[in-house]
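Chains: A, B, C and D, in written order; residue numbering restarts at 1 for each.
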Amino acid sequence: MSDTLYYLLIIVGVLVVMLTIAALLIWYERRMLALWQDRYGPNRVGPFGLMQVMADMVKIFFKEDWIAPFADKWVFIFAPTIIVVAVLLGFAVVPFAPGIVVADMNIGLLYFLAMSSLGAYSILLGGISSNNKYSLLGSLRGAAQVISYEVFMGISLMGVVILSDSFSLVKIVEAQKNMWFVIPQFIGFVIFFIAGVAETHRAPFDLPEAESELVAGFHSEYSGMKFGMFFVGEYLGITLISAMIATFFFGGWLGPSFLPPVVWFFIKTFAFITLFILLRASLPRPRYDQLMSLGWKILLPLSLVNLLVTAAIKLAIGG
Amino acid sequence: MYDFLWLVPTLPFLGFLILALFGKKLGKTLSAFVGVGSIGISALITILIGIRFLSSPPEGDAFVQTLWTWIAVDRFNVNIALHLDALSLVFTFVITFVGFWIHLYSVEYMADDESFSRFFAYMNLFVGAMLLLVLGDNLLLLYLGWEGVGLCSYLLIGFWYKDSANGYAARKAFIVTRVGDAAMAIGLFLLFYSFGTLNIQEILTQAPQTWSVGNNLAVIATLLLLGGAVGKSAQLPLQVWLPDAMAGPTPTSALIHAATMVTAGVYLIARMHGIYELAPVSMFVVAIVGAATLLIAGFAGLTQVDIKRVLAYSTISQIGYMFLALGVGAWSAAIFHFMIHAFFKALLFLGAGAIILAQHHEQNMFKMGGLAKALPVTFWTFLIGSGSLAALPLVTAGFYSKDAIIWFAWSAEGGNIYLWAAAVFGAFITGFYTFRMVFVTFFGQQKIDVSHFPKWTIHVPLIVLAFFALFGGFIELPGTMGHFTLFSDFLKSALPAMEEVAHENVSLEYFSQILTAVLALVSVYLAYVLYLKKPQIVTNFTDTGFGKGLQQFFLSGLGFDWLYERLFIRPYVWIARTNKRDFIDLFYVFLPWMSRQFHYAFSYTQSGKVRRYILGIALGAVVSITIVVIL
Amino acid sequence: MSSISLNTGLVIASILFFLGFLGVMIRRNILFMLISVEIMLNAAGLAFIFAGASHNAPDGQVMFIFILTMAAAEVAVGLALLIQVYQKFKTLDSDAASNMRG
Amino acid sequence: MTILFYIAAIIAIISTIMVITRTNVIHALLYMVVSLLATAVMFFLIGAPFIAALEIMIYAGAITVLFVFVVMMLNLGEEAVKQEKQWLSFSGWIFPAFLSLILLLEVIFIISSSGSVPISGKVIDPKLVGQSLFTTYLIGVELSAILLLAGIIGAYHLARRKKKVVHRFLELEGAEE
């Protein structure tokens, strides 16, 4: 019974921690953006504007939960939950530290990919149920983008799988004891990182919700808590991708023993979250066709070559 | 040397293949080389084999070369095997040797024809099929050659197919010979039924043990084979196709009449002599057919105006002599006459071809005349051929061969005085119409300019053949004149000899010979008087109603075409027309009607609606799975 | 560990299959027909997986991968056709594209 | 475990029924996703986690998304739903449903008439599947590659809009006729 209790604890813990991080990230991003753009950012509510998150939450919770009368009601309501659920499910396989993992599946990597591909429904359904041409365009873009980048996102991870000989994330981390996979799989890392940005449709790949072109794209019609779900989903996505990068390429919880593994893991994850934010602050948004041709014409062949070379070397060495 | 036997029929077939496949690309010179060369090499091999055969005959006097198994079903085993004995050697020699000269001649004769290579392809195939016929060691292979020959005659008679009359003649030849072939096929079935094999030698050895003399089956089988023989050899009653076969190019006629095709019947009966001897009735029928044919064809030949038709009827008549000889059991005499006939008939046709070529393709000899000076070589060789045909005594080969037949018609076992009388009278008629042709064509006034003077390719064949027509007879001399029997001795190994029976009564034989010789000379003189000195006698006679009628009657080949038209063709057409809607036909009308109804029904289901199709699949699945479940 | 039997699995697969089959039959919309075809393919794959699992052999999963491949290719071509049909007839009615009937 | 399996099966069946009876394509596709997820759960429970992941990734994540994508491109409105309602008449589906039911019963009869094999639920490692794919079924893999290539080319060729080369004035003239 204590085992079950332990698992329940972990599950609840992960949920709470992740949601909290996601909420905090809203503040963190705004502060960081402000820092890089030479302005203050939120600084009035509480110390360093930390309570700004709470204020926003209160605002979102109390806003009228309006559903556009021309929208497809049930789908409209259902759409934002998908992304949150999918991403949270994705956290189930993340090994925060030895023993602190909800489910160490032997197909953990594939499970993560499956969940991230389910996230695409959120954009699609949100856009189509809004019955709004900007939303529709936004979700069209989003769907194409997510499907395209998902392909080589998976392929770029196969190098890692070959090196670690497993789909299990715990084993992948353990396989990096001697060397982080970022070194032999640098190309894979770069591709995965770019694909991750696209998967979470973060700037500079935030074409589905490009404010200046599509007036917030697929979630134009959303407000209140449903908008909040999309918002939280996005930050959860960033966290998940960052955690995954840390797991796959930077040794997960591994690190010098003066800090506990969980701390190492969070440090690495936060580093990548910061990198995400830095990207948003510094890079312009490409055109949609540039995004597509980058994906299909450069990253996909590159990931295939990476896979091929990795497999060939692995065969040659005879691992 | 014998091992090269397979090349003899193969080379012409090869030539045919090359010409048929690449004829257009080869051009005329190369086509001629292939066409003539293949026969030439065949002839050369045949002659070499013949010399070897004469110097050291193979074991058992026959050489069998089995090439491969053709058909093997249960008891029915047929090999592609060649059988060479004295009989087939003579035939092979004649076919390739005479065939070669005819081919060579054709190079010039057909020089201006646009279908030059097609002609040589057909000719090669013709020779090849005929060689297969005479060399085949079983009746099926023989039948294959037999039908191949029929096919080639069809192709060659209808060679100038743009004229529908030629196509008609070709079809006539094909259909009439098919009547005989059907009978022959039944005969083959009967033989297979009786002996369980189609191998000729096996049949010939088994026949005397299985059948007694006069056995009904033997009579029926031989009569059926005779049916095939009369069809191919244009004997009564199936002789009607040969005069029309003149529609083909003249070298074709030479080939058909001299070396191939029409002699196939003679070969068949000679080859199957073993079973004919068991059926005296059939032998007698053969003799009667021969005698009747030689007379009827002779009469028809009397009034022909087309030079080639005269020759055609003379062929029918001469083959009649051969049948007569076969019928009375004078096997070697028949084959001897066949050989000599091949020489002089080829010569005559080639000569006629030269004349026709020189006369702007005019074939009516009454429009010609006085060609002796213009075409000296043609004239002299033609004269030799005519003399041989008319059996001018002592100097020509034809005299010796025909004399043998006439004498045997009386003296042989199956012979009698009536057959002898018919043969003698036939010889008289032959001399008459032959020299009528010579006088009308070569003497008197020249009426048409000579348009083409033959070159060496025509002259050489004519001279060579003339030599054989003149001197070929001396290899076999009658008992009254030295009794030189090289040819029949040679054939003794393959065919039973007759000499002992035949040469008892020397004075009678002298009488017969002198009578024949005198009659031949008289007929020549008569032709000279009636057609050169006093032609008004003939015109006076033909002006009378009876004379005109008789002339028309003879001209039409004694009305056989007329008779067959009324006897067979019209009733058949009438039956076919009136029976247009018979039961069987209704069935075949019903079939397309039904399929059309189904078509409509099924096309209705083809609605273009995918769901309907899927529904159909579902229904089908329900039915089939239900069957599975219930069973 | 569990009392799932091959027969149960096959029955589930065939129920799904015939639901897909029914869908193809009753829908006129090409899009729905394609979806139903996907259901059928998936059901077939399901049956393969059950069969493979009953033998503890990977072959069933291999077959499923092949079916998956086929389904992907089929969907790509099918949807492209569908777009063409829509552009040409301005409708997704499968009966509209019946011009080629005999 | 067994209970979970049956729940998944029932969810799959119900949502599949919903798929084929919906008038709104998007709703149908959503139910389709649910059905596929339920199927994936079944896969997971009978020892095929690899296939379960593939099911979600490719069926739910790619193929169905492609459907949604096309639906968005076509942008069917309310009228399409009305049209669907009209097409989905009782008389239209009762006979096919009857046929399917008979077929289903027959197949179930056939299945149940043969002896049953219990499914142990032992997990089959993805590695095993991979080895099987690249040894026994290598030709199948190659053929699949060709099939996919053909699918790509076919889809590209078919979906390409034919460019009209006629000049617009000429087109106008044609329209007037």
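Convention: a residue touches a chain if its C-beta (ideal position, glycine included) is under 8 Å from a C-beta of that chain, and two chains touch if they have at least 3 such contacts.
Values in this document were obtained by computation on a predicted structure and should not be read as measured data.
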Contact-richer chain pair [A-D vs C-D]: C-D
Centrality ranking, top chain (CA atoms only): C
Distance between the centres, which are taken as Cα means, of chain B and chain A, whole angstrom: 99
Distance between chain centroids, defined by C-alpha means - chain A, chain D (Å): 28
Gap in Å, rounded to a whole number, between the CA centres of chain D and chain C: 5
Cα-centroid distance, chain A relative to chain C, in whole angstrom: 32
Chain D, residues touching no fewer than two other chains: 50, 54, 62, 66, 71, 73, 96, 99-100, 103, 107
Two or more partner chains touched - positions in chain C: 21, 25-28
In chain A, residues with contacts to at least two other chains: none
In the complex, chain D residues that touch chain B: 95-96, 99-100, 102-103, 106-107, 109-110
Chain D residues touching chain C - in the complex, by the definition given at the top: 1-2, 5, 9, 12-13, 16-17, 19-20, 25, 28-29, 32, 35-36, 39, 42-43, 45-48, 50-51, 54-55, 58-59, 62-64, 66-67, 70-71, 73-74, 76, 80, 83-84, 87-88, 92-93, 96-97, 99-101, 103-104, 107-108, 111-112, 114, 116-122, 124, 128-129, 131-133, 136-137, 140, 144, 147-148, 150-152, 154-159, 161
Of all residues in chain C, those that touch chain D in their complex: 1-12, 14-16, 18-23, 25-29, 31-32, 34-36, 38-39, 42, 45-46, 49-50, 52-62, 64-66, 68-77, 79-84, 86-87, 92-93
Contact footprint of chain C on chain B as seen in their complex: 603, 606-611, 614-615, 618
Residues on chain B engaged by chain D in the complex (per definition of touch): 615, 618-619, 621-622, 625-626, 628-629
